[in-house]
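Both complexes shown next keep chain A, but they swap its partner, so chain B is in the first and chain C is in the second.
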Partner chain A sequence: MSAQQRMGFFTDTSVCIGCKACEVACKEWNDVPEDGLEFTGQSYDNTGELGASTWRHVAFVEQGSADDMDFRWLMSSDVCKHCTSAACLEVCPTGALFRTEFGTVVVQPDVCNGCGYCVAACPFGVIDRREEDGRAWKCTLCYDRLKDGLEPACAKACPTDSIQFGELEDLRVRAQGRVEELQADGVAEARLYGDDPSDGVGGFGAFFLLLDDPEVYGLPPDPVSTTRDLPDLWKHTALAAGALVAGVAAALVGRSR
Partner chain B sequence: MSVEVRTYHGRQVLKTPVWTPEVPWYFFVGGMAGAAAPLALGAGMSGRPALARRAWLLALAGVGISPVLLISDLGRPERFHNMLRVFKVTSPMSVGSWALAGFGTATAIAVGGELLGLPGGAAAKPVAAALGPVVSTYTAALIADTAIPVWHEARTELPFLFAATSAASAGAALTLVTPAEEAGPARRLAFAGSAAALALLETMERRLGPLGEPYREGDAGRFGKAAKALIGAGALGLGTLGRKSRAVAAASAAAVLAGAALERWSVFRAGFQSAEDPKYVVGPQRERVAARGA
Partner chain C sequence: MGSNMAENHPVGFQWVMEAKRRGARIIHIDPRFSRTSAMAHDHVPLRAGSDIAFLGALINYAITNDRCFREYVCAYTNAITIVSDDFRDTEDLDGLFSGFESESCKYALGSWQYKGFEAGAAAGHRELIGEQAHGAHGGHLAHGDPPYVDHTLEDPRCVFQILKRHFSRYTPEMVEEVCGVPRERFLEVAEAVCDNSGRERTTAFVYSVGWTQHTVGVQYIRAASILQLLLGNIGRPGGGILALRGHASIQGSTDIPTLFNILPGYLPMPSAGSEDDLADWIQLSSPPTGYWGHAGDYMTSLLKAWWGPVATEDNDYCFDYLPRIDSDHSAYAALLRMDAAEVEGYLVMGENPVVGAANGKLWRKALGKLKWLVVRDLVEVETASFWRDQPDCQTEVFLLPAASHVEKSGSFTNTQRLLQWHHQAIEPPGDCRSELWFMYHLGRRVRERLRDSDDPKDRPVLDLTWEYPTEGPSADPSAEAVLREISGYRIADGTALDAYQQLADDGSTACGCWIYCGVYANDENQAARRRPGSEQTWVAPDWGWAWPLNRRILYNRASADPSGRPWSERKRYVWWDDADGKWTGEDVPDFVADKAPDYDPPEDAQAEKALRGDEPFIMQADGRAWLYAPSGLVDGPMPTHYEPQESPIDNLLYGQQSNPARRQRARADNAYHRVGDERFPFVFTTYRLTEHHTAGGMSRWLPYLSELQPEFFVEVSPALAALRGLRHREWATVSTLRAEVEARVLVTERITPLRVSDREIHQIGLPYHWGENGLARGDSANDLLSLALDPNVQIGEYKAATCDIRPGRRPR
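Let's look at the complex of A and B:
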């Protein structure tokens, strides 16, 4: 048996039609509870953002004006990035968050004690605590389906193959071909987001083809895993603890009164 | 930070932290307890039994309240023991949980020895005195090791700021309760911690520049201003008339205590404010991208 390859998503937003089948399939398969039926007034997006009970989120951006026919829609299905250097996993104090054999990042709900550290650590605002439940939740990249050799529910349901699932290495090659094809066709603004293993999170396990800057879709333009700076931070903390001891020692010198 | 950043319908990029008000109170109480322990050890060794006893009791009180605050912040409090399920150096919360557990145990044994003559006190005291400063400062590493811009970017100064406010609050609390004949070290510690905290806040604000804006706005700004005024006034009192007058020393110590608590609240709220406005998240990242391109 060959070694298990790292699996991931390539979301090609240039063919997303905003049907939200991914959102529905994810909720259905993973039994994710309803988390608000609200009218946001923000284009066709009444989901808002990823969260404890939203593991796929379709963003809708309207650009230009319909009057002069210079108008375009951007639609993009967002998901947990399953980072190579995953801050949520690294800061988790209980070991509830772990790296699977597929290279994905998953929370063990029977271990999580709801400390909330992962929520503040994620540079994408993906993971969150489910208030009525007290634990942190996010996309598992359908860990249960992967174990049975199935593709994740969102990718299965996507009617345009905007969401592509596969071995990460293959997906990166395919994405490079796709972005070159688009640029040759005159879509100069096509670019890949999260495909570079030398970025601040070591590359995403779920990366994207975008048609504008990441922040237009609500994504950070230069995400960094906070633990990259931890060795330095520990050094400063040790020095500060030492300074505290020195300060106490100095205060003890001299008269008692 | 006046640059207009592009956003998705103005929505925030990061999640707002889910941490409750117990957390900044823990930073204050746990930090104070951590600084009290080495002072207690030193006071005992330098022949100041009244100060030593009170400092050990302060450490014990603080380390007794701390777990209550921390457990009540959890989404699943009944699973608090999972904090000691693994030890992870990549997680300041994991390191801190072990440090707090060790510090609490050592402090309890130290107090048992100090007050009741139970065995083990002599061995436990140096352990508590060594772990205390870790408890006082790891909380800075904890919040700086997040994606929250004002916490992560302040990672150089925050551990020193937390050390200084911990020293100031332990010194101030002990100035209040220790008889004048032995209160000198506590008063000097409160003064030095206060002066250091003010200097560090100044350094931090200058270095952060526009990134530090959330520290000056909203609740964080109000708490921060009040904290500086109280710590400044307290330090002034402790450094001058407080050396002679009990009343001035007590009033000054109370001001330092209130200021140190407010300073933790200011830092805590600034983190929330910087997560809630996408300009603080996208702006600096966009500048980094531009700098790399240039």
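Let's look at the complex of A and C:
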């Protein structure tokens, strides 16, 4: 048997029909509670954002005026990015957050102590604490299903294959082909988001094909792991501290003279 | 057109997305910009209720620009047929056809017939039951040929010329005026459709209740049929007209009907007075030519399935046991009788008419006059709880818990006539039971009660074949045993039948629905077959089973030219194999397997044998598709643009405002708005969202669905919001003479005002899922609607009416 490859999602928003089957399938499989019966008025999106009780979120973006022929209604299913450099995991003091054999990032609810460091650390605002129990929750990329050789519930339920699950390397190749296909069809604005291993989080384990700038979908244009600069910071701190010690020592030495 | 496929049929829509990926152009012509529009290459908004004007202009465009598929039209349609000298068109009578009787608001249909054709004796009750009537598929044509034809299509009385003249005023300029679609946009669509049709290419139309739910709904579909025939898009791969149904197995519920006027397999229900015995019925139902010539085989086999050994030649196979139609017993007719306290009891199964049907207030009032009401559903839907708001209500309501689809086995029949089996996954909880369990045990108990009766009226119930094996802890009858009976068997040895051609009128076969004959061929449940697409041909004949005979495309003989060769290699599907002397191809040929293309029937030939080898439309008496319908419809042989019952404008095409034969029920509790009534200046349309299911019984009680669309909202354009002072997310009240409902305001660019007849028309969108029960609650949009019905099928006009809208909540 070959070594386990890193698994992930490629969400091709160009074929998302906004049915929200991913949201429902996710909640059914993972037993995620209802997240409020509120009419938001944000187009057809009454979910709002990802959170402790919403692990898939379909955004609806109405663009332009109906009078112009370029009116667009963009739909996109957002999810935890399962970052290569996952700040949530790095700041977790209890080890509740860990990287699985599939390269995904998962919280163990029985270990999480609810400190909330991960919530502040996530550059996308994905992970969140549930008010009722204080613990942090997010997409597990259906870790239990993966262990049984099944694809995640959202990908399984998606009728148009907007959500594709597979080996990350394969997905990146497939996604590149899809972008080229769309661009050849005149969809010049098609682009990938999160597929680049040299970005601020080392590339996403769950990346996207978008039809506009990430900000349009409520996504950060250039996400950076909040822990990326920590080693540098510590180095600077150490230098500063060293300088301080040297200064003080020099002063003392001087005085003693 | 008239469909929001991405939202209401998301699973089927994956194939539209697949077609798009492979290069198909998707055009969405619909009043609103929906999730379907978002996926289409083009969205063309038009005024709700104006589709026939648009389709008529496409027909006119194809004819006047010589874009028809002429060989196909001449060979396979009734374009050549000469129509009666007595026929007068809407062109002659300012929007009426000949035969209109203003007192009864009905048409006498005789003058619409082919020249030289004598109208049958059944003409009288055609008026009542329309397209399912006797003679609807054609009359008694000797040799399968109409008496007078003109193959040059030049005769001014031939169908082609009549059609051409009828649609001549449907111009791009008229589309701009009536539909609010700029003529350039219309021409883009017309070009695209014509360019994509012909020998090498085919175009498909998809529609849903956006077409059917009108006072002229059947004619919407007729208009598309005419266009598709003129362009050669019927009976060929990639062509056709797809009717997407409202929910799972609605196709099945017309095949094996829940309708008052047809029996299984579209056999007409006998009428009181005109069909005293089986011979009368066969005579009226069996045109001597075409496959309906075997109606006697189908009916006799049905009677044998129902009454088994009791049904014999001597007692006319129990034909007398069948009920007879004495008047209109459709849903709304029953509602009005209920309101007049003429209906004692009512069974509602898997339906929530108080929310889902027009004029909910009238429904609640009428239900309160019943003595008893049975509602079978998953939850306490509003139809079961209406009495809570009526302190003096005397109706005794029984709410019986139903099993869901995963808790029972059975088949779904989808829009393409495909039966797919679903297996029970778990036992239903508590007292929940399947429909099959309910009907079987109800019948069993009724028969038990009647066992000692000697009243002749109880014989039909007592003599029924009612023995089904039961299974499981709740003694559920075997759904497969029922399917086997529907599929049919030989009386002598009980062996399963393979094909409807094996049915006989001598009592030797039993079959519960002739078009389903063979779904249990070889004593196997063919509907349960699930060979993956990757392991078979692209037509996928081994997935489920399609009626009839597992054919995937009806009338597929039309995919070959008259001589039996494919019209083009690119679109080859079914063709004549000269060497083998039979039809062959990708699908089961919809034709007599060994009938050669040059077959010429002998003078005395009957049924399908009377049709020539180049006539693919084998259910019609003349073997041809009907551009012009000489019978079968009660409101005209060709579609005509009429305004909805309620419209802000006059009909710009004719003096006749609305469908003259529509069924109106004007009364205080069902009042209509006048044309151009200033109190109700806006057009509204009701519809569904992906997140909920129809009247809400399967979604409003579920937290995961309710949170996705928690509240009733009304969609308005920024312009209308400014005009009426409506504020986003706040309340608005929508009113008609029937009701006032309140909803949250969603201001969106997806709704556009249209310029129609030199004025701006505002359209309002209302999803109709909500009611007062469940987790996601709200007023019911359908309360706003009136009963105004299509005369052919008694369906209501849900898709276009007028209203007013004001800011704020409704008065309490």
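We adopt the following convention: the second predicted complex is superposed on the first by the 232 of 257 C-alpha atoms of A that agree within 3 Å, B and C clash if a C-alpha of one lies under 4 Å from a C-alpha of the other, contacts with A are read in each partner's own complex, and residues count from 1 in each chain.
The rule is short, and it goes like this: contacts are C-beta pairs under 8 Å (C-beta built on N, C-alpha and C of every residue); 3 or more make two chains touch, one makes a residue touch a chain.
A quick note: this is a predicted structure, and the numbers were derived from the prediction, not measured.
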Look at A:Asp232 in the shared chain and tell me whether it touches chain B only, chain C only, both, or neither; answer first, second, both or neither.
first
Contacts of A:Pro197 with chain B and chain C, given as first, second, both or neither
neither
What is the contact status of A:Trp73 with respect to chain B (first) and chain C (second): first, second, both, or neither?
second
Which of chain B and chain C A:Glu90 touches, first, second, both or neither
first
Under the stated touch criterion, which partner chain does A:Ala21 make contact with: chain B (first), chain C (second), both, or neither?
second
State whether chain B or chain C is in contact with more residues of chain A in the superposed arrangement.
B
Go through the superposed model and pick first if A:Ser43 touches only chain B, second if only chain C, both, or neither.
both
In the overlay, answer first, second, both or neither for which of chain B and chain C A:Gly177 touches.
neither
On the A-aligned overlay, A:Thr160 touches which partner chain: chain B = first, chain C = second, or both, or neither?
second
Which chain A residues are contacted by chain C in one complex and by chain B in the other?
40, 43
With touch defined as at the start, can you tell me which chain B residues reach chain A in the complex?
5-9, 11-15, 17-19, 34-35, 38-39, 42-43, 46, 48, 51, 73-77, 79-80, 82-83, 85-86, 88-94, 97, 129, 133-134, 136-138, 140-148, 151-152, 155-156, 159-160, 162-163, 166-167, 171, 180-186, 188-189, 192-193, 196, 271, 275, 278, 281-282, 285-286, 288-289
Interface residues, chain A side, partner chain C - complex:
15, 17-21, 23-24, 27-28, 33-41, 43-44, 46-47, 62, 64-67, 71-75, 159-161
Could you list, by residue number, the parts of chain A that touch chain B in their complex?
40, 42-43, 45, 48-49, 51, 59, 61, 87, 90-96, 111-117, 119-129, 133-136, 213, 215-224, 226-227, 229-230, 232-234, 236-237, 239-245, 247-252, 254-257
Chain C residues within the chain A interface of the complex
6-7, 10-11, 13-14, 17, 21, 33, 35, 37-39, 43, 45, 689-691, 703-711, 713, 717, 728-729, 744, 746, 748-752, 775-776
